[in-house]
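Two complexes, one shared chain (chain A), two partners (chain B, chain C).
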Partner chain A sequence: MGVEFIYPEFEVVRNYDRCIACRVCERQCANEVHFYSEERGVMISDEAKCVDCQRCVSLCPTRALKIVKSDSTLRENANWQNDTIKEIYKQANSGGVLLSSMGNPKPLPVYWDKILINASQVTNPPIDPLREPMETQVFLGKKPSRIERGKDGKIKCELPPQIALSLPVMFSAMSYGSISYNAHASLARAATELGILYNTGEGGLHEDFYKYGKNTVVQVASGRFGVHEDYLNAGAAIEIKMGQGAKPGIGGHLPGAKIVGDVSRTRMIPERSDAISPAPHHDIYSIEDLRQLVFSLKEATQYKKPVIVKVAAVHNIAAIASGIARSGADVIAIDGFRGGTGAAPTRIRDNVGIPVELALAAVDKRLRDEGIRGNVSLVVGGSIRSAADVIKAVALGADACYVATAALLALGCHLCRTCQSGKCNWGIATQRPDLVKRLNPDIGSARLVNLMTAWRHEIMEIMGGMGINSIEALRGNRLMLRGVGLNEKELEILGISHAGE
Partner chain B sequence: MKRVYVNEEWCLGCHLCEYNCAYANSGLKDMVVALKDKKIFPRIRVEGEDRITFAVSCRHCTDPICVKSCIAGAISKRDGVVRIDRNKCVGCLTCVLVCPYGALAPGEDGIMQKCELCLDNACGAPACVTGCPNRAIVYEERSETQ
Partner chain C sequence: MRIPSGCAIAAVISRTGRRMTGGAIMEAMKPMHDRSNGLGGGFAGYGIYPDYKDFYAFHMFFDCRDTRKKCEAFLKESFEVVKGELIPTRKMPEITDEPIIWRYFVTPLRSVLADLQLDEKEFVARTVMKINVEMNGAYVFSSGKNMGTFKAVGFPEDVGVFYRLDEYEGYSWTAHGRYPTNTPGWWGGAHPFTLLDYSVVHNGEISSYDANRRYIEMFGYKCTLQTDTEVITYILDYLIRRQGLTLTEAASVIAAPFWSTIENTTNSYEKEKLRYLRTVFPSLLITGPFSIVLGFDGGLMALNDRLKLRSMVVGEKDDRVFIASEEAAIRVMEPDAEKIWAPSGGEPVIVTLKEGAF
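Let's turn to the complex of A and B:
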């Protein structure tokens, strides 16, 4: 109270004409906003605790609820906006680093929205995907740059290990611990049904999920949690996580409170101990060091698994990628500054890194210029929101996209961005058994399959419109893209012309 | 025949099934009119607390003990569904005593009522199942042995 008081961000509006006092909202809100007043015989709410997750709104049987942004306001000021001032108050109250989760919400440019896609008219025919075959399958891994023949003159056909994807999308890394068992089960089952891959994140692989190994990317991060020989061999590919778009240059910290039961066993660390991932890998200080880890992992898996190196999109990403492409890695994953997270320092999330569109265009160009594009496949992530974003990424040079936020939305996430509290009302970013069970993987995996099936249809529609019948023929085909409202420099980096040119 | 089965693993204890049941059997077109400021008498009940909850309604037993014990012959089984003729019920509560699932209970008027799978009301299929947010109850065909 007094100087420490900050007016609640949201208001809970209950239509008392409709509320039947069933108390469903009360039972469903883990933030304990709603309660029943015996004295007054009505439901009341303590809106200070509301995070606008929409759980109560979605389950209220009479549509009696809505959550609105409070209009109690500080005096308007374009420089010192309400949020900015409140953050100052919070820090003056607590003395702490501000924490946030999910992706960067600031109105920074979204280049996808300034890029338009071509279509065929008159001189080249569009293709109808409902009548003609349309290929969306992609293979990730090193591709030979020239044809080689054996002593007998026959072409050598052995390829380095590849990852086959039925469409150019994978579910990106989210650890067991940061998300729930049921969220992982939903992702694993959907990836298997779809013929794509999901990613364990840095928390190890729960023993129940080894059976989905063919559709799993197993991650090795700086904390090396849950990494052992069987784990490395369980997946279809291994990913070395150097960085994350939401918090480049920052490690991870899963509080001890979440390291319980199976999470502790899977991570191979004692219960209730904090899981701290250091900012660097303590054995990697150069591309040569990275090469050693890449080959250690390949050695441990008999050179059967492609190795992905995941980095955050930062200023000199093109040079970094060029180094990684020479390190023996098979795939480079670039995570843009709009990517999500279970928890990150707010200032880092909102101010560090660069847009993935620019990073992708720069990396693809650099690798082509250096003649090493075939050394690696490129995967991009960090807020890929739709099939159109996927198409644009592929045309800019990506082999595939990583999606996480969109996948979580399909599971019920309403982007309230309070994952760090561990009280996710949708059973996703939580380990509380009563909340985890709110996500039934039968429903979750079916919704993920629906989402990706819809995207696949849209990808085929858009490709057909361009007169392209194979996603491989679209990769790096920047002629299919035009910019709107972009300046010369932006167009130059993206390697595309302006609309009308 | 199709029955309502319980997947207690997924039950949230939200009690929505009870309200959907009461509404479905109210015969009214608006849930607010049907349920606001009223005590509800659902034919499905959420049992258990905290960690484990599950919704219980009539199992439509293969050999229903309620049918055998009703002194007024009000309960009968037709097309696999155990039904009650509320005009015949004399309110002796014998069925309440014998049903191992607690599936019969007095309605607002004191006469016994039970789940009849919403087959005779406007829903046509169990409203509790349709409204369950987490598939904790399902309406499906299973072999008798299961």
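Let's turn to the complex of A and C:
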């Protein structure tokens, strides 16, 4: 027995001078950490179950609780770090693949943090967004390469279908099933109010949310869950999910325990059956097959919906993107290796894929070198954390960004990274009705609107500082970026100069 | 590398095609002396080569005789060169370190065009790009028909004297004085920037530069000149010559109306067109301060950035229209100039010759 023991990661610190034994923590914790001892008349806890989601800390009326990292450690070893050793114990105990949630937490380089933004001084005036118009609207989709005129000399103004966004941000794919009904309601309502889009992920579209269709991307993934003609026509765009940054090369797995009620109906699969998406689309074994799916979806929607192809950032991403740009797709979405997930094998999440900053720079350059950048728009995700990340992504060449983790944080997520347990105390990554109801969509959508409104203000301030009054003049404007502490190769790939150059 | 700069610009055109010497435009630059810093000045004249009007006039800088010989040999492979000569200049203490300055009147060989399946202008444009990018020490700074640019490191009024512009006659002239904040002392860096018969003089620094450059380079243009004005020239060539836009349409791409203005446009075709052009060419929107004068065969277009962050005034007298950074410059050219006005941001002022005037 002793050999299987792993000392708990966190400690629950309770200030007994403050604790009034109101038992709020006990009621709030789906992990059943807290309980009341009748015998001793005090609250006690089983910290082995704690995931550090901070729910009890946030709701304790007397601020009696805090969760700290346990200081019971193994002997220090730079090679064999604590986590590495504990993972070995876990695998020796279970024989299983380790599962994790949310994005890669390893200390790998975050290139956004090594890129700095320019501002105008003297030779060119900064523009004050409080006094001058500052435009953040973008249109995603294929742009015609030639202007055509009718017999009357007038320009023929028909455009391929475009996605209009009030700012270059969309909420990225999270399925109904992996997150709750109330989380979806919050995202859909916020996207509608903001004039942006949210994404159904591979879980189908709940019938209540068809009314938000103009602000919805409907996803078609390898399991084809929830896909039917009305679904395809319900959204503003269709996304073919080829891969995900958190788990490139593998499919998804929603455990049967979460496939209940409306989730089962929306996915169009029986209750309690595991929803396993295959690693590939079994009708896409090569690029020419992708082209067929793109056009099948366009046929099904009378060529009225732009088609997004989402891929994980992998080594050969530039060539892959070049193929996709010639496949009839209107938008390419690239998901970096730091992107979030509701559940992924830990080894894959932490070791597969490449940073989205490098992938974006390489893809944008390749498409320009080939003269086909206008064929597609580029959307990037995989840990866009702030307005500054958005600005940097756009200046590197992105048309827009996908955000998901930041949106979940706005809804209350505390990044405890245990979504796979289905016991999210914040009502986000769970299907338990008692937990789901903790997330109020009125408040959730308002907080999402706040977050994006704040980002929009920041984007406008930073753009104005650069003397740019429209986001399209920033797109691909790499002279506005400088690297700090990057080597020659990194600068070359990013296509930017070092600070001071 | 890119070198930001402030500047002075001036232009004049006779709508009836009356030819004027370069004297007046040189005078116009004098009251704006402080807008330049002696690191670049230049002029473009239209209608100045009537005897060779059917030939492309290549104005070129060479670093040495060898480069010139090599370049001539290259030109003769695909062009008929009807004349090649030194561009006449005056020696003067204000202008030094001049390169070898030469001009050629050329026309592409029909057989070469047929072979490459290119129209004449496209082939000439590609040749200019090729020389400027690939031939070290050789640089084409003017390549239109019956027009020419003249530029140097120096104050514009001296540059005009140096090139003996009082001895040329044209129906329109543009001028530029440069205030770069950093300079390699490079003659090619002075304005105007030209391609075929398009020439651009520009006062300003564009904040959208790299977005514009990286987009336009997809279509065979190469920005080699370390300055943002070059990209404006290529954008206008692309929009007008290659995409067939009118001047007004091209202006509505580079100085696009705000979306809110577009939404409030009452004419439905106009609204649809503006929306369309802005959606199709988002990467060709130019932001940051600029006032430019585009010279072309048969006219001029003046344009400010959409916020009007640089001064620019227009005036008229009889058949002539004047454009300048300051009214003082117009008054020097014509003390009795009338209807002096400042066009709003993004509002193009297009002046063309009366039909058959030239």
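The rule is short, and it goes like this: the second predicted complex is superposed on the first by the 496 of 501 C-alpha atoms of A that agree within 3 Å, B and C clash if a C-alpha of one lies under 4 Å from a C-alpha of the other, contacts with A are read in each partner's own complex, and residues count from 1 in each chain.
Quick note on the criterion: a residue touches a chain if its C-beta (ideal position, glycine included) is under 8 Å from a C-beta of that chain, and two chains touch if they have at least 3 such contacts.
Nothing here was measured: the structure is a model prediction, and the numbers come from that model.
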Discussion item. Applying the document's definition of touch, where does A:Q302 land relative to chain B and chain C: first, second, both, or neither?
Written reply: neither
Fill in: Touched partner set for A:S120, first chain B, second chain C, both or neither
second
Worksheet item: Does the superposition put A:R27 against chain B (first), chain C (second), both, or neither?
Response: first
Item to complete: Considering only the touch criterion stated at the top, classify A:T62 as touching first (chain B), second (chain C), both, or neither.
Response: first
Worksheet, complete the sentence: Of the two partners chain B and chain C, more of chain A gets touched by chain C
Item to complete: Using the touch definition from the top, say if A:E132 reaches chain B (first), chain C (second), both or neither.
Response: second
Worksheet entry | chain B versus chain C as contact partner of A:D17, first or second or both or neither | first
Fill in: Contacts of A:N440 with chain B and chain C, given as first, second, both or neither
first
Response to the item:
chain A residues contacting chain B in one complex and chain C in the other none
Item to complete: Within their complex, state which residues of chain A touch chain B.
Response: 17-24, 27-28, 59, 61-62, 433-434, 437-438, 440, 442-443
Fill in: In the complex with chain C, residue positions of chain A that touch it
120, 122-125, 127, 132-133, 135, 137-139, 143-144, 146-147, 149, 154-155, 157, 159, 162, 368, 371, 373-374, 397, 466-470, 472-480
Worksheet item: What does chain C use to touch chain A in their complex?
Response: 2, 4-6, 181, 204-205, 207-212, 214-215, 217-219, 243-245, 249, 256, 258-260, 269, 272-273, 275-277, 279-283, 285-289, 306-307, 309
Worksheet item: In the complex formed with chain A, which residues of chain B make contact?
Response: 9-10, 12-16, 19-20, 23, 31-32, 35-37, 50-51, 131, 133-136
